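Take this structure, written in structure tokens, and hold onto it; I'll ask about it next.
Chain naming follows the written order as A, B, C and D, and within any one chain the residues start at number 1.
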Amino acid sequence: MQRIGVFVCHCGSNIAATVDVSKVAEMALMEPGVAHAEDYQYMCSEAGQAKIAAAIQEKGLTGIVVCSCSPRMHEATFRKAAERAGLNPYMVEIANIREHCSWIHKDMEEATKKAVILMRAAVAKVNLNTPLQAGESRVTKRALVIGGGIAGIQTALDIADAGYEVDIVEKTPSIGGRMSQLDKTFPTLDCSACILTPKMVEASAHEKITIYTYSEVEKVSGFVGDFTVDIRRKARSVDMNKCTGCGVCQEKCPSKKAPSEFNRGLNTRSAIYTPFAQAIPNVPVIDREACIKFRTGKCGVCSKVCQAGAIDYEQKDEIITEKYGAIVVATGFDTIKLDRYDEYAYSQSKDVITSLELERVMNAAGPTHGHLERLSDGKAPKEIVFIQCVGSRCADDRGKPYCSKICCMYTAKHAMLIRDKYPDVNVTVFYIDVRTPGKNFDEFYRRAVEQYGVNYIKGQVGKVIPKPDGKLLVQGSDLLDNRQILKEADMVVLATAIEPNPDVRKIATMLTASIDTNNFLTEAHAKLRPVESPTAGIFLSGVCQGPKDIPETVAQAGAAAVKAIGLLAKDKLMTNPCTAHSDELLCNGCSSCENVCPYGAITYEDKEVNDHGIRETRRIAVVNNALCQGCGACTVACPSGAMDLQGFSNRQIIAEVDAICR
Amino acid sequence: MKYSYYPGCTLRTKAKALDAYARASAAALGIELVEIEDWQCCGGVYPLGSDEIATKLSSVRALNEAKVKGQSLVTMCSACHHVIKRVNDDMKNVEDIRVRANNYMELDEPYAGETEVLHFLEILRDRVGFDELKKKVTNPLTGKKIGAYYGCLLLRPGRLLNFDDPENPKIMEDFIRAIGAEPVIYPYRNECCGGYISLKEKEMSKNMCEKIMESAEGFGVEMLTTACPLCLYNLNKSTGVKLPVVYFTELLAEALGVKEEIKEEVQAL
Amino acid sequence: MPLEKKEFKPKIVAFCCNWCSYAGADLAGSSRLTYPADVKIIRVPCSCRVNPMFILRAFEKGADGVIMCGCHPGDCHYSTGNYYARRRMTLLFSMLDYIGVESGRTRVEWVSAAEGVKFSETMNSFVEKIYSLGENVRLGDLRCKN
Amino acid sequence: MNPGKKQAEMIREISGVNPLKCMKCGKCSATCPSYNEMDIKPHQFVSYVVNEDIESLINSKSLWKCLSCFACVERCPRDVKPGKLIDAARQMVVRKKGQDYLKADEIPELLDPELPQQLLVSAFRRYRR
């Protein structure tokens, strides 16, 4: 039997004016288990807390009920007070007789009656409380960043600068990501490479950062603070320790017909290659599907010309296993495939290109060396039409239901850059809405219109019609003029919707991080926890969480880093003791609980149990307390009543129900 | 290979050639087209109203007959194909239409979209296979630059008809390649010829067809081919550029070397 | 002696999730938005912690109405808890309906932490409904009643 | 209920289209091959239904210029299907007695020897009850 102390707070007159507090205390003494009851002016004050401590010690109390304000206000205060007096803090419960009683009722008798009932419910619950211990788990002081674009680089730098080890795993042969493919950046028009490459160098030179390029995460196990990750380092066929990055192999490689990923397939590269000149690491890889040596067994030119003897045709994939305390996902995006939007003739004309392809065309290191020219015949265009929202804001399965967010701004950027460099080229933009929420963004767009004379037409394009003479006929709407327009153009640029990197599904599954219907990773709270995944220890950086531009990505990357640092800074993790646990004698291993758990906290073990003298091995649900957040979904899903939630057990809640309905 | 065949009204009158060449080619390919009994006209256009039932019943009747025989239903005309495929989709997926149509029909067993509806081109692609077809061609149409004219009804709405990519189809181009000719892609191949508008607004459809012809000629098309009698009629009315327009079955018959055999028969039609 | 007709004072149990609706109830309180004292709130971590058994138990013990409040769909602190709760309650309520417990005696409402007004309005309308339905006899444990 | 509201509801019912899904991008009007012949443009159909001004829609030339080519249906990014709306308005007209757009006595002069049956049947179904 518990020895419960009930403490009724006046809260000045906040409670006492409507509730007869001494009556509540008096009634409390009639409740089973109650050994002490008193009322006081301000229970939360030093003096009030001292009264509780004194009663615990003097009367040997095993449980406390404080009738006061909302537990959201002072539950923590009273639990700490109890703990200081030597009582387990989870033996304290609050009866909310202020917000839920005195403040909303006027009649003293009625309010007092209700306060008594709320007190009884709390007493009934405490009678069934058990001391709970917050668990502890260790924290490996190392972070993993998946993805080596600007998001991943920034997150890694911030974590490393705080003094923690960070590994970046990047799928392609170099870090840099999408940003390395961009020519200029809005709204300042500075060169993308000029601001990105120093960060890439900094990351690669940082003593706390290890970069695994041409590598992929293969397997993840463990939980917050203690993840174990297998990383597959794909065979580069080049010894990273020997290669000097001289580039002779790439020059001499006779196979030069593989489409260049970096230039979006607009030109070709050699079979042994680095994606771009500033690649980090500056060590090439052999594309074994394109390599003549790997296809036919004959060639070996790269090996012959390599002074350093770095070429290794025998190299094999290697799996490394590492432990991490925190994992940041920064897997980024790609543009959607346009094969279901052929009304824009993307597959029918070389002069219809995506905006990302235009970035490469405008870039000095791109397929046209930065000259704006038609990819079909190399001629300089005179009329360029941009089409917005290609595949974005689409209700059917052809495109994406969301706004891709970055297109309005980069199109204004492209239009402006073209008009600036080639004043004789006319630029027309077909738009549905121009969306420019961001610092200096609308000003930027207006500059494109007002200073650079870019022609913005409100209305979507219905069809792009290639003409026999090589020009393109753009058939679009001018909604403000109520006209159908037929505009002749030399080039058409499609603001193609972006989508999360297709690999993210696989990665999210490994991490048990949830993902939405568009394959964006879900944040723990849309407003208040935007860079955390609902799965503890997993953080989100960049476009993997939702469309965003570079400044936003960098800001979020920093935020994700801070959250990861906050985790790594702890030596031990205290876990919420109000977690689920299953009664192994009742559990029948049916998996119902596992299916509803949003945190992947439930696993199954074959365990030997002693069921009334019968020893047998059974499949039993086991809750990982480090992962469980205590929502209780599993407790209701459990058909056998084996699963229960500590602190909010079935018996406790039923006791409250009974007390209220008595 | 045995199929139920729905010729449709026009193939019995103005487009007998489309039908005759199809039958001859089918025979040459070992395909048996069994005309369903007592078929009625599909109505030419699919009734869009979600409350239209009576106008869909002739299609349901044909579909059910094929179902009873356990055969797929083959059409030759784009319009029949469009109407019957969409009605079939309604019968399969729209409960209200299914229930009400079955109430009218009083069939032994309710019809619920069980029949597979195929256009003859789909048979050539999916059942015969264009590679196989190529092997059976005895008289390849080498050197001929042929433009496919799809029009609207074969392709749209793409999700329902599931015939080919509605914006960049290739089935007819692949067909043209299989019979030894050179397909020419031009952008207006899936734009409307005007359809039924040509009855009252002759100018409108003329303008549209001129655009199609001009674009085709510009890309080097020497001859257009279509599956639709109405498209053929409208295109032939074009007053500007004039390219010959032929049914795809005529090209097929020619390539398979059976055109001559039935030449007299066709001319007598 | 004629039996004195007792004035009907309903017993109403409200299950509120800790993150949204309990906070909404707190806001109703701090905004001094009144609702009848017949409502007693039980705090649960999430609406998905509410076992249909609890509701049956309440009716068995003489409750006249039970209302469950959670975060708005999509706003659940635990991401998906309220979806489970919604499905479970739909099932339970259809069963209660079958047994003959009037559908008005149970309700599910989504109340955010900012919706003090909605909380009080919801409780007012629910209590009014219970008054109109009168005492719940169908599931009550009759053995201990006089 | 005002007559416009009732008619608008009928159009929604016949067409099965929810005009509120429209985001006013104008792709239908950019696509329509009959655009220049129409007095009410395809992208406006939606607003007429939303604003419950069905009278204007019924009396418009556009009703008889739509080809039912489904290009707008195919390309609409919001799954609104303006072509179905205009067809529903057309249905409302031809279902009324004596409102046929194609009168029996004008048919003979429209015919020519090549004219396929298909054209007549189609026109009958679109223009007449």
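As a working rule, a residue touches a chain if its C-beta (ideal position, glycine included) is under 8 Å from a C-beta of that chain, and two chains touch if they have at least 3 such contacts.
Predicted model only: the values in this text are computed from it and were never measured.
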Please identify the chain with the largest separation between its CA centroid and the CA centroid of chain C. B
More contacting C-beta pairs: B-D or A-D? B-D
Quick check: how many Å separate the C-alpha centres of chain A and chain D? 47
Would you kindly tell me how far, in whole Å, the mean C-alpha position of chain D lies from that of chain B? 25
The distance between the C-alpha centres of chain B and chain C, rounded to whole Å, is 63
Whole-Å distance, C-alpha centre of chain A to that of chain C, is 36
Provide the list of chain B residues touching at least two other chains, using ranges where the numbers run on. 167, 191
So which stretches of chain D touch two or more other chains? 71
What positions in chain C touch 2 or more of the other chains? none
According to the definition already given, which pairs of chains are in contact? A-B, A-C, A-D, B-D
So in the complex, which bits of chain B are touching chain A? 159, 165, 167-168, 185, 187-188, 191, 215, 218-220
Considering the complex alone, what residue numbers of chain A touch chain C? 70-72, 96, 98-101, 103-107, 110-111, 113-114, 117-118, 121, 514, 522, 524-526, 534, 578, 596, 598, 629-633, 635-637, 645, 648, 650, 653-654, 656-658, 660-662
Residues of chain D touching chain A in the complex: 21, 23-32, 35-36, 41, 43, 71, 75, 77-79
Which of the residues in chain B end up touching chain D in this complex? 8-10, 13-15, 41, 43-45, 47-52, 55, 77, 79, 152, 155-158, 166-167, 191-192, 194-201, 204, 208, 228-230, 232-233, 236
Where on chain A does chain B make contact in their complex? 339-343, 345, 347-348, 396-397, 463, 465-469
